[in-house]
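Letters A, B, C, D and E mark the chains as written, and numbering starts fresh at 1 in each.
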Amino acid sequence: MSPVHFIAIPLFAAFLIPLAGKVSKELVKIIPGLVLLYLSFVSVTLFPIGTHHPVVEIIAGFKPPFGITLYYGAIAAFLTTLITLIGFVIWLYSYKFIIREPIEKYYMLFMMLITGSTGIVLTGDIFNLFVFFEITSIAAYSLTAFLRDRDGAEAAFKYLLIGSFASTFFLLAIAIIYANVHTLNLADIAVKIQDVPVTTRLFVLILFLIGLGIESEMFPLNGWAPDAYSQAPSPVGAVFGGIVVKAAVYSLMRIIFLMFNSHDVLHFLLVMGIITMLIAEMSAMKQQQIKRMLAFSSIGQMGLVIIAFGIGTEPSVRAAMFQMFNHALIKSLLFFSAGYLVFHSGSKKISALDGLGHDKPITSFFFAFGALAIIGLPPFSGFWSKLYILLSIADAGLMVPVVLILISSIIEAVYYLRVVSRLYFYKEEATDVRRTPVSGLIAMGILTVVILLVGFYPNLILNWMTPAAADLLNKASYIKFGLF
Amino acid sequence: MNSIAYILLITFAGAGITFIVHHLIKPLRDIIAITVAASGLYFVIQSLTEKTKIVFGIADFNIIWGNTPYSNLFAVLIAVLGFLTILYARDFMAEKERLGYFYMNLLFVIGGMYGIVYSQDLISLFFFWEVMTWSSFLLVIYCCKEAQPIGLKYFVFSAIGAYSLLIAIVMIYAQTGNLELSNILQNFGNISEVNQIVIAVLLLTGFGVKSAIMPLHVWAPDSYSISPSPFTALFSGALSKMGIFGIGMVLFKFASHSGYFSYVKIILAWLGGITALLATFYAIFQTDAKKLLAYSSIGQLGYIIIGLAVGTPLSIAAALFLVILHGAFKAMLFMSVGAVYFRTGTTDMNSVTGLIRKMPLSFVTMLFGIITVSGVPPLGGFAAKWMLYESLIQSKHYFLVIVVFAASTAAFLYLYKLIFSLFLGQEEVEWSHVKEVPLLMLIPMLILSAFVLVAGIFPGLVLDPISHAMQYLGNYGFKYETSVLFNEWGNKINMQTVINVIGAVFLIAGLFVTFKGLKKTRYVTTKDIHTSGEIPEENENLTYAVDFYKPFERAIAPALKASIDKIYTAIGNNLEQAFDFLRYVYTGNGQTYAMYVVLFLSLLILFAELIFGIKL
Amino acid sequence: MEINWSAVLGIVFTPVIAFLVGVTYGGLTRRITARIQNRFGPPFYQNILDIIKLYSKESNINHGVMQHLGPVFAITASVTTLFFIPVIKDSPVFTNFSFNGDLIFLLYIMVFGSLGMALGAGQTGNPNSAIGVSRGLSQLVGYEVPFVMALVAIMVQFQTTSLNDLLAVQDHFTKWIIFQSPFAFLAAILAFLGMMGYAPFDVVIAPAEIASGPPSEFGGKYLGLMLTSRSIFTFAKLVLFTDIFLGGAHDFITLIIKTFILYMIPVLTGIVFPRFRTEQSIRFFWSWPLFFGILAILVVVF
Amino acid sequence: MIYYATSILLILIGMYAVLVKKNLIKIVIGLSIVDNGIHLLLIAIGYVKDGTAPIFSKPGLQASQMVDPVPQALVLTAIVIGLAVTAVALSLIIRLYDHHKTLNINKIRKLKW
Amino acid sequence: MFNDKEASKIVDIIKNFARKHSLWVVAYGTGCGAIELPPTMTSRYDAERFGIRGSATPRQADVLLITGYLSVKTLKRVIRTYEQMQEPKYVIGFGSCTINGGMYWDSYNTIKALDRYLPVDVYINGCMPRPEAVISGFIKLQQLISEGKADGAKRYRENLEWYRENQRKVIKNWRMPEYNW
């Protein structure tokens, strides 16, 4: 087994699905599940290996720095595991949720997204990174418009517009880098970029910040995010929040730690993270639509992750990873439950959710659970990651971000709890008898159990987080293994 | 395994089991809840004799649970009140919905409180603090739609408190690199003085929210009054004490090193005094019994804070004595008001009246409660007030003692209004169907009543554990006997004599008045009163309850105009408006977003020097 | 068990003497009032006759057990207050229990009776009673504050809270606290006006307005017990003030003289003044008396 | 040098179109122009004056005389991606026109705030 | 030593002495006679020297003073007030109207003879009686009390049915509360 499976198999599945669609609709639904199950299995088996010692896979026989490599280190192991597992849960949820035709296109694009995301995480080549980025993006644009309604198309177009900008700048940055160092291998670039004139490096940095910042939802580059999150089908929202953004942030941080590891850059990230978080949380406060609210909350959480990365110490990076993990889990749970809540209430509005807690006790329970977890209350997993972020920030001697993070947590609590209140306490009688399908409930149940488990026993994840953080921060080892 | 582990395990697991059982076998639910609370009580008593410590690692931290004399004091309070509350809830909540939810959160609250007092490190302290916070929030919003904004307010304030705790914890971690209590206490002096003060103030703010110190109290009246009565008893009786627990720890274990700290203490003491006075004034003008009690709670917590902040042995003893006592009497009062609510369906003091003959035992409970609150001898409240005043005078807080005294005198007003409106006064036809509450609700009330009586006669019995707790806090040398209290000037009061004299005189006079002309003494209804010869109709309202203290209100009107609550509301609304304004950044026009991107790019390039330190 | 007979004697006789003195003072008040109003007035023993008559009423009514116990609370408070005050200085007979309590205790036991009465009055269901109680409690808040300030000033000045210690300090008339701490005395005596409940602070019972307020449903033995209690309580308060400010008394004659002089202050004020409204009286207590109280404390502190 | 200048000019023209033009089609055209600008830039980076194709077609040919093959490969990929994006964009525009009956981007802002 | 009988006799004497000298009056100012009371109580005639003082409520009062004519409407109130008083209690009819209706002898709604409805102990005649007459009436009552003859309350209780019958005759809308005598 090799890390190539992560890219090849979903890609293959993506092309297989339309064919399978000719045979049977059920097959279309089952194939992604099987693929993701297999990938999860692979990721879990490879996990200890990658964590212990990075695996570098050479594609097509060219040796680095000339050929394309896959770098499966601790952090890649962690992220692929996260992506595949979340992907599997999302598939489980989609199984009954996506009932609109064309199902095969949905699953095809979904597989493309998985391919792209794992590719971003795994690749050791900057242009390859760009390509995977584009795969992810195009799949994401299409998925956003999947429902074929007016707003979906609008959101997708905005996403596309901004996303094209991102890819443009990214490509420009690659061009400039290539012009200067004549290599595309990340490890090689990391070695050679030191000789490049400072001005050029800075320009490249800015272009990367913009290009990847758009995908990692940094303010003011995140105009697309609320629309895309809220108009895409709910599982796709979970994919965005749980997979795509994580991959984007990872690549941003990888590039920054490899090429531009300076305090000023990190401080800039810190400040941008804070601004992103605050503005997103404040905007979420008065949203009328539940999914839009979740989108803003997602942006806010990514702000938090960026803050933690911006501190740039090992504990903080570890905390950021932990937060990414928790956010992927919890936000997926929230999107899942919100999806069914919206479906049952027949309206995207928060005000339409009154009393759903009585009609749909289990789904509503999951939403409430997720709300409590994402605010960062113990004993849920969100508590630990937030705590670690705060501790690491304070360890770095900064107090202002701590205060601001906590203020935004309070705002977060306010808008989430408002929704929870509405669910349970605004109307007493039950009206609707439609049931949430079992597969959806199982998906949410899995997430819930994991959240609680991690909440009570954070070492479960934290133990794997330490090598991942070290991997991300340790440029030398990356260069060493990346170039043999 | 030892007792503490059992306590936490049983309570938390019991909470989950209760919730599940509620959905499977409804009748078992109450039994399980009561069993859980009872076994918690059993193990707390077990743990009193042990001195144990559990250490295990979670994440990167050592989690340490252990008991100290100080925590034992609070644990007993929690255990007893928790048990009695659940006992009381059995019948009170019988007809309500969502009982699984109720019992689960109630047990979570109890478990969270156990956790707080047994935590020997700040991580688990904060962990349990938050557990307690959200489970109590869920109980506050339990009742109805009206409770939602109130619950939200409670949660926001709790979150502010919890997060200032968290900031302090984070600062401590940054300064000492460790979060174990024993370790922190050793190294706290090494932190710079400014940081010490900041940490202490943050901790005090955090704990102060739960104990409702003045500028942070606004959540309390509404939350207390809207939450279901059994929980309110626990809320006011035990949960608010967690703040006190923390404040005690901060004042005596943490920040005793810095010289500036005395100023913090003085400010805290005065805040407590103002809290006591203003809360009392607000309580006087309430028309809802639970709201009145809520303000009363705030006021009483003010006394406790004064006692702690003044910090002489006697004042700490008074504060801790009040902690125990307030737990008991406020639970009694809330239970008694709850009993009224249980039978009449309202706690509006303007409409309920004259229940004394229908609910005599509830009345007795409330009578004992208000005598204790008012601090009139011979019940326990007097011993506490006595110690508080003496210690304040002897530690030269002359004006504070006046404020406190004014507050506790003004307390007579609302206490009288409470008992008068609900139990005394005209017996209206509207409430003629009312009966005494079931036995299971009476038992907790009567147990607590007996306790306040004993605490009044033999304060030494309660002061024994308190003196142990104070030794843990580093305060020695306060003198007491089983029923004799001494102040620092050597004056004393003998509660035994007091109760003997009062009892004897009361007995003689009572017998005299009873047996003098016994046959010709008859009972007449409350309709048969002097009305200048007019004959009141059967349903005519003769109760004087609306605007009961109008003259007093007129006298102190200027003091009541400023309302902190309104200030907070204004701040909240304006902030929300401002947030609302911010989201107009997202115009919805894709081109604008693209413009943002380009502008951001240009800005970065233009100010590259400023941002990255390199000129582009 | 050895019985201290002189103490027993004191316990038995102190209330009796207090009652007799108090009731006589009450009668004298009526007579003095009458003389000032150019009337002849009732005999000085008129109040005793009233009380005997009330006890001899053949039928009594109550509205419930709290009304029944209200006067009992009142008399318990009066007698207990009396027992914890040294009536005669250094006398083994009349010291009673005064070594077992102190000023703070006295402050609280003094309101015990009013609260008990208030409960009793509350149960009658008469709106007038409730109004009276409301006024009384409001006024209580008014006058307790300056009174406590005065006491705090004294306690701080002499570093004791015990009445016996205060008495021991005033062994010569130049050392009377009235001279040592005049502001405290002023604050206390103004508060004392309110405490006694004569005009202008008689808004509680206000006979022509709210039908005598709290006791309006009390008659017969209940009213009798209340009046007994009031007589004892008046005397107890007078003795307390004498002990605090005027150096107590070594014998009965001095005691009578001192208490009578003290007693005349509220009585004579009451005769010439009309009635304050409740809020007016509260504001009054929070103006000059409070000022004197603060002054007293400041004098002690600096 | 002219290649660099032209490519930057193209990028700027494309940017202008995207940022200022209100018609969705024009915006997409703008995006394409930006893309093309970058492609040109990439080619220009790899260009060697008087260079040959990067094939050892005749003996004695030095690697330095060849144009860099990597940018060309990159550009090929990028063109494909650009095409895909344009296709998606145009299909979205069709969908938008169906729903809104307009192509003015200012009027297509149902999702805001 | 005294025997029981003598002791009770002495107690009776003390009781009667106290009762006699402590007459608390609840004055029911039904008619014009009420104007005569202020001079009686104040400094010119000073009734207080006989132990007579006003009382605020019937619960505390000994004497019910009916100052003038009683209409049917006021009778009801008077009866209630009387029944709320504590025994021993006395009634003084004040002025001619209470005796025979006086100048309202032919009025359709005025009570002619008070004695038919309430047990009157002492009548003071005159229209109006001067304060001297009032005081003399009180002194007469005091005499009756000390002789133990002022037993109006006892009479009322014993002949309750007769009184009730009379009362019911004139009071048409009889909605009096039932007292548990």
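As a convention for this text, a contact is a pair of C-beta atoms (placed from the backbone, for glycine too) under 8 Å apart; a residue touches a chain by one contact, two chains touch by 3 or more.
Since we're looking at a predicted model, the values are computed, not measured.
Student: Touching subunit B and subunit E alike: which chains?
Tutor: C
Student: Find out how few touching-chain steps suffice to connect subunit A with subunit C.
Tutor: So the least number of steps between the two chains is 2.
Student: Which two chains have the most contacts between them?
Tutor: B-C
Student: Taking each chain's centre as the mean of its C-alpha atoms, give the chain farthest from subunit A.
Tutor: The most distant chain relative to subunit A turns out to be E.
Student: Average the C-alpha coordinates of each chain, average all protein C-alpha coordinates together, and give the chain whose average is closest to the overall one.
Tutor: Smallest offset from the overall C-alpha mean is found for B.
Student: Let me spell it out: compute each chain's centre from its C-alpha atoms, then which one is farthest from subunit D's centre?
Tutor: E
Student: How many angstrom lie between the centres of subunit C and subunit D, each centre taken as the mean Cα position?
Tutor: Inter-chain centre distance comes to 100 Å.
Student: Where the centres are mean C-alpha positions, what is the separation of subunit D from subunit E, in Å?
Tutor: The separation of the two C-alpha centroids amounts to 117 Å.
Student: How many angstrom lie between the centres of subunit A and subunit E, each centre taken as the mean Cα position?
Tutor: 97
Student: Counting only Cα atoms for the centres, state how far subunit B is from subunit C in Å.
Tutor: 36
Student: Could you say which residues in subunit D touch two or more other chains, in rising order?
Tutor: Counting only residues that touch two or more other chains, subunit D contributes 18, 27, 108-111, 113.
Student: Name the residues of subunit B that each touch 2 or more other chains.
Tutor: 520, 522-525, 527-528, 530, 583, 586, 588, 590-591, 594, 598
Student: Any chance you could list the residues of subunit C touching two or more other chains?
Tutor: 57-61, 211, 216-217, 220
Student: Pairs of chains that touch, anyone?
Tutor: A-B, A-D, B-C, B-D, B-E, C-E
Student: Subunit B touches which residues of subunit C in the complex?
Tutor: Spelled out, the residues of subunit C in touch with subunit B are 55, 57-66, 68-69, 71-73, 75-76, 79-80, 83-84, 97, 100-102, 104-105, 108-109, 111-112, 115, 118-119, 122-128, 130-131, 133-135, 137-138, 140-142, 144-145, 148-149, 152-153, 155-156, 159-162, 165, 211, 216-217, 220-222, 225, 277-279, 282-283, 286, 293, 297, 300-301.
Student: Which positions of subunit D touch subunit A when the two form their complex?
Tutor: For subunit D paired with subunit A, touching residues are 11, 18, 24, 27, 31, 34-35, 38, 41-42, 45, 68, 70-71, 74, 77-78, 81, 84-85, 88-89, 92-93, 95-96, 99-100, 108-111, 113.
Student: Considering only the defined contacts, which subunit B positions touch subunit C in the complex?
Tutor: Touching subunit C: residues 354, 356-357, 367, 371, 374-377, 382, 385-386, 389-390, 393, 396, 398-399, 401-402, 405-406, 409-410, 412-413, 416, 419-420, 424-427, 487, 489, 491-494, 497-498, 501-502, 505-506, 509-510, 512-514, 516-517, 520-530, 542-545, 548-549, 551-552, 554-556 of subunit B.
Student: Which subunit E residues qualify as touching subunit C in the complex?
Tutor: Checking each residue of subunit E against subunit C gives 14-15, 17-19, 21-22, 24, 42-43, 46, 48-51, 54-57, 59-62, 85-88.
Student: Spell out the part of subunit A that touches subunit B in their complex, as residue ranges.
Tutor: 157-158, 161-162, 165, 169, 198-199, 202-203, 205-207, 209-210, 214, 220-221, 223-224, 226-227, 262, 264-265, 268, 279, 282-283, 285-287, 372, 377-379, 383-384, 387-388, 390-391, 393-395, 397, 399, 402-403, 406-407, 409-411, 413-414, 417-418, 421-422, 424-426, 457-459, 462
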